[in-house]
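There are structures below to look over.
The same chain A turns up in both complexes below, where it pairs with chain B and then with chain C.
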Partner chain A sequence: MDLASIVDSIYASGAAEWMRTSVKAMPIVEAIHVMAAATVFGTVLVVDLRLLGFPSTQRPFTRVSGELLKWTWAAFVVAVITGGLMFAANAPTYYVNTAFRLKMLALLGAGLNMAVFHTITCRTIRAWDQGVPAPLAGRIAGAASILIWVTLIFLARWIGFTKGYNFDVPQDVNLDFTF
Partner chain B sequence: MKTKVQHRVVGAVLATSVAVATTAMMLAAPAWAHHSFAAYNMEVTKVFTGVVTRVNPDANHLQIFFAPMNEERKNVIRGEDGKPIIWAVEMAGSAQAAKEGISVNTFPPGTIFSMALHPLRDGRPAGTRGREGVIFKCPGRKPPAPGKHCDSVEGHTQYGTGSLPPEKKE
Partner chain C sequence: MRELAEWLQGTPFSVTIQSVSWVVPLLQSIHIVTIGVVFVSSFMIALRVLGRIRTDEPFAAVWRQFSPWLWGGLCVMAVTGGLLVVGEPVREATSLSFWLKMALLVIAVAGTALFGRSLAAAARVELPSGAKGAAIALLVLWIAIIFLGRAIAYDVEVWGRLSLSA
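Let's look at the complex of A and B:
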């Protein structure tokens, strides 16, 4: 099964149909998605700024990340569920939308950046947890994370303004008929 | 201890806010909330009978893409390059359209239907159905007689009230 078929299956699902036909579903799901995304970005931003030494390095990094990242993950799960529902409602349109594809790429980039930071840079955490600047790799990870998440937010808003008109005729639609 | 109490207060405030907002949205009557028709030339009316190629069930504006049929109602109109000319008609969001019975399921590709639209001012082949433009769907794959629309075909389905308006040029 190729990706396009999976997209079609999602589009044909009961959840997608519910999102398309319920007047309440989309605004409620979208509002929850925005709140979840704001929580993800807000908590990630505080951790990233701490990596960059703002406002100071006095508060242990492990304490800041330990207190906030659990909220990041909880909100991320909510964002994925609500985002998935919004995607399902009009999957074929989102699938070909450049802004949506770039957003997914940014999400992947944020995940990779976080994975590299936690698996490699954090090995030396005891040496820079408090009172000293994070190593260059840590500061780069923090700056990259902020850049990626800001880009992702812009791309997310861009999606709504770039769906426009797609006049292409789907391949399986036959117009070569005569009545 | 104080911190725990503070956390509970913040949690309660957040939960209450979400509950109030959600309830307000649930109770709100669905309204026709089109931002503006400024992009369309509402002084011009075009009436089409066409064949659905695709429905885009956008949450804000459902779009039906279609290939207009010729006057004989035998084929779709083609451009100089031989490719079918495609138009789009926009209306309310997918959920409101579904309440009327207009959805990806009721307008699958190949559906023949008739409607009036007010075209975009920028010249692209698309327009709005307007506030309550009537749409007629032909039964099955049965096209209307030459020069006629789906409202003349026995067994047609009507969405909206009234009849198709006459064409109107600027």
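Let's look at the complex of A and C:
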């Protein structure tokens, strides 16, 4: 099964159909996606800035990341679910959209950056957990992470302006609190 | 209000925002990135008050670390949001979500300022009374504001007959 036919079957799924026909589904799912994305980015930013030594290296890095990354992951799961629903609604359109493809690439980049940081750079964590600057590789990972996530959000917003269709209200639908 | 919005929409500055294709997406992108900064700053302060993070640090220290990001972010959002309103004044003026958002924003900003004052003055370990409830209430307010911000583009879909643009 090739990627294009998987995209087609996602488009044909019940969840996708619900997203297209329920008038209130799209704004609600999009709003939750924005909140989840904001939480992912903001919590990652706190951890990345600590890696860069800002505001100081006084708090152990493992403590800052340990306290926050569970919130990052929880929000990320919500973002994937809501993003998946938005994708499903118009899957073939997103699949060929350049901004969408670049966003997925940025997501992959963020994941790789994190994986390299956790498996290689963090091996020496005991030496720089507190009171001293992180090694260059760690600081590069922190700066790269901020850059990638900001780029990803920009690309995400650009999808909405390049997707090539308009989400118009159907004419014959009762809009008063129906789902 | 509608006349004012229509006049604003016809001004050269507004027309520039409307017609240069990358301006609105750029402003919206900066606006969304900054939501992350503001919301998580408020979230960090709330988590400290709720005893979930940084329990070794005084409330005032956590407030001092994150409140500049919160206020700074809000200033950026006021500028990007303000320019977006100038770019689409009629859509904003005829959106129930927009006016609700502005009303909740006033409450959230005033509430955060009061909350910050009591945290800054708080003793190292003893929480001001009602602080936990206030922390949760402020988070709920920010969530509602984010939701309403996204809902501006969908006023009829979200509000049905209550929509101002119908």
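One rule holds in what follows: the second predicted complex is superposed on the first by the 164 of 179 C-alpha atoms of A that agree within 3 Å, B and C clash if a C-alpha of one lies under 4 Å from a C-alpha of the other, contacts with A are read in each partner's own complex, and residues count from 1 in each chain.
Just so we're on the same page, a residue touches a chain if its C-beta (ideal position, glycine included) is under 8 Å from a C-beta of that chain, and two chains touch if they have at least 3 such contacts.
Note that this is a predicted model, so its numbers are computed, not measured.
When the two structures are aligned on the shared chain, A:163 is found in touch with chain B, with no touch to chain C. In the superposition on chain A, A:112 makes contact with neither chain B nor chain C. In the superposed pair of complexes, A:68 makes contact with chain C only, with no contact to chain B.
Touch criterion not met for A:6: it reaches neither chain B nor chain C. Judged by the touch definition given at the top, the superposed model places A:24 against both chain B and chain C. Look at A:90: by the touch rule set out above, it reaches chain B but stays clear of chain C.
Contact with neither chain B nor chain C is seen for A:15 once the two complexes are overlaid on the shared chain. Within the superposed three-chain model, A:38 lies in touch with chain C and out of touch with chain B [touch as defined at top].
Chain A residues in contact with chain B (one complex) as well as with chain C (other complex) are 23-24, 26-28, 30-31, 35, 160, 169, 174-175, 177.
Looking at the complex, you find that chain C touches chain A at residues 21, 24-26, 28-29, 32-33, 35-37, 39-41, 43-44, 47, 52-54, 65, 143, 146-147, 149-151, 153-154, 156-158, 160-161, 163. Chain contact summary for the complex, chain A toward chain C: residues 23-24, 26-28, 30-31, 34-35, 37-43, 45-46, 55, 59, 67-68, 71, 150, 153-154, 156-158, 160-161, 169, 174-177.
Chain B meets chain A in the complex at residues 18, 21-22, 25-26, 30, 51, 53-54, 56-60, 63, 65, 67, 73-76, 84, 86, 88, 93-96, 98-99, 103-105, 109-110, 124-126, 141, 143. Contacts from chain A toward chain B in the complex involve residues 17, 20-28, 30-32, 35, 86, 89-90, 93, 160, 163, 165-167, 169-170, 172-175, 177-179.
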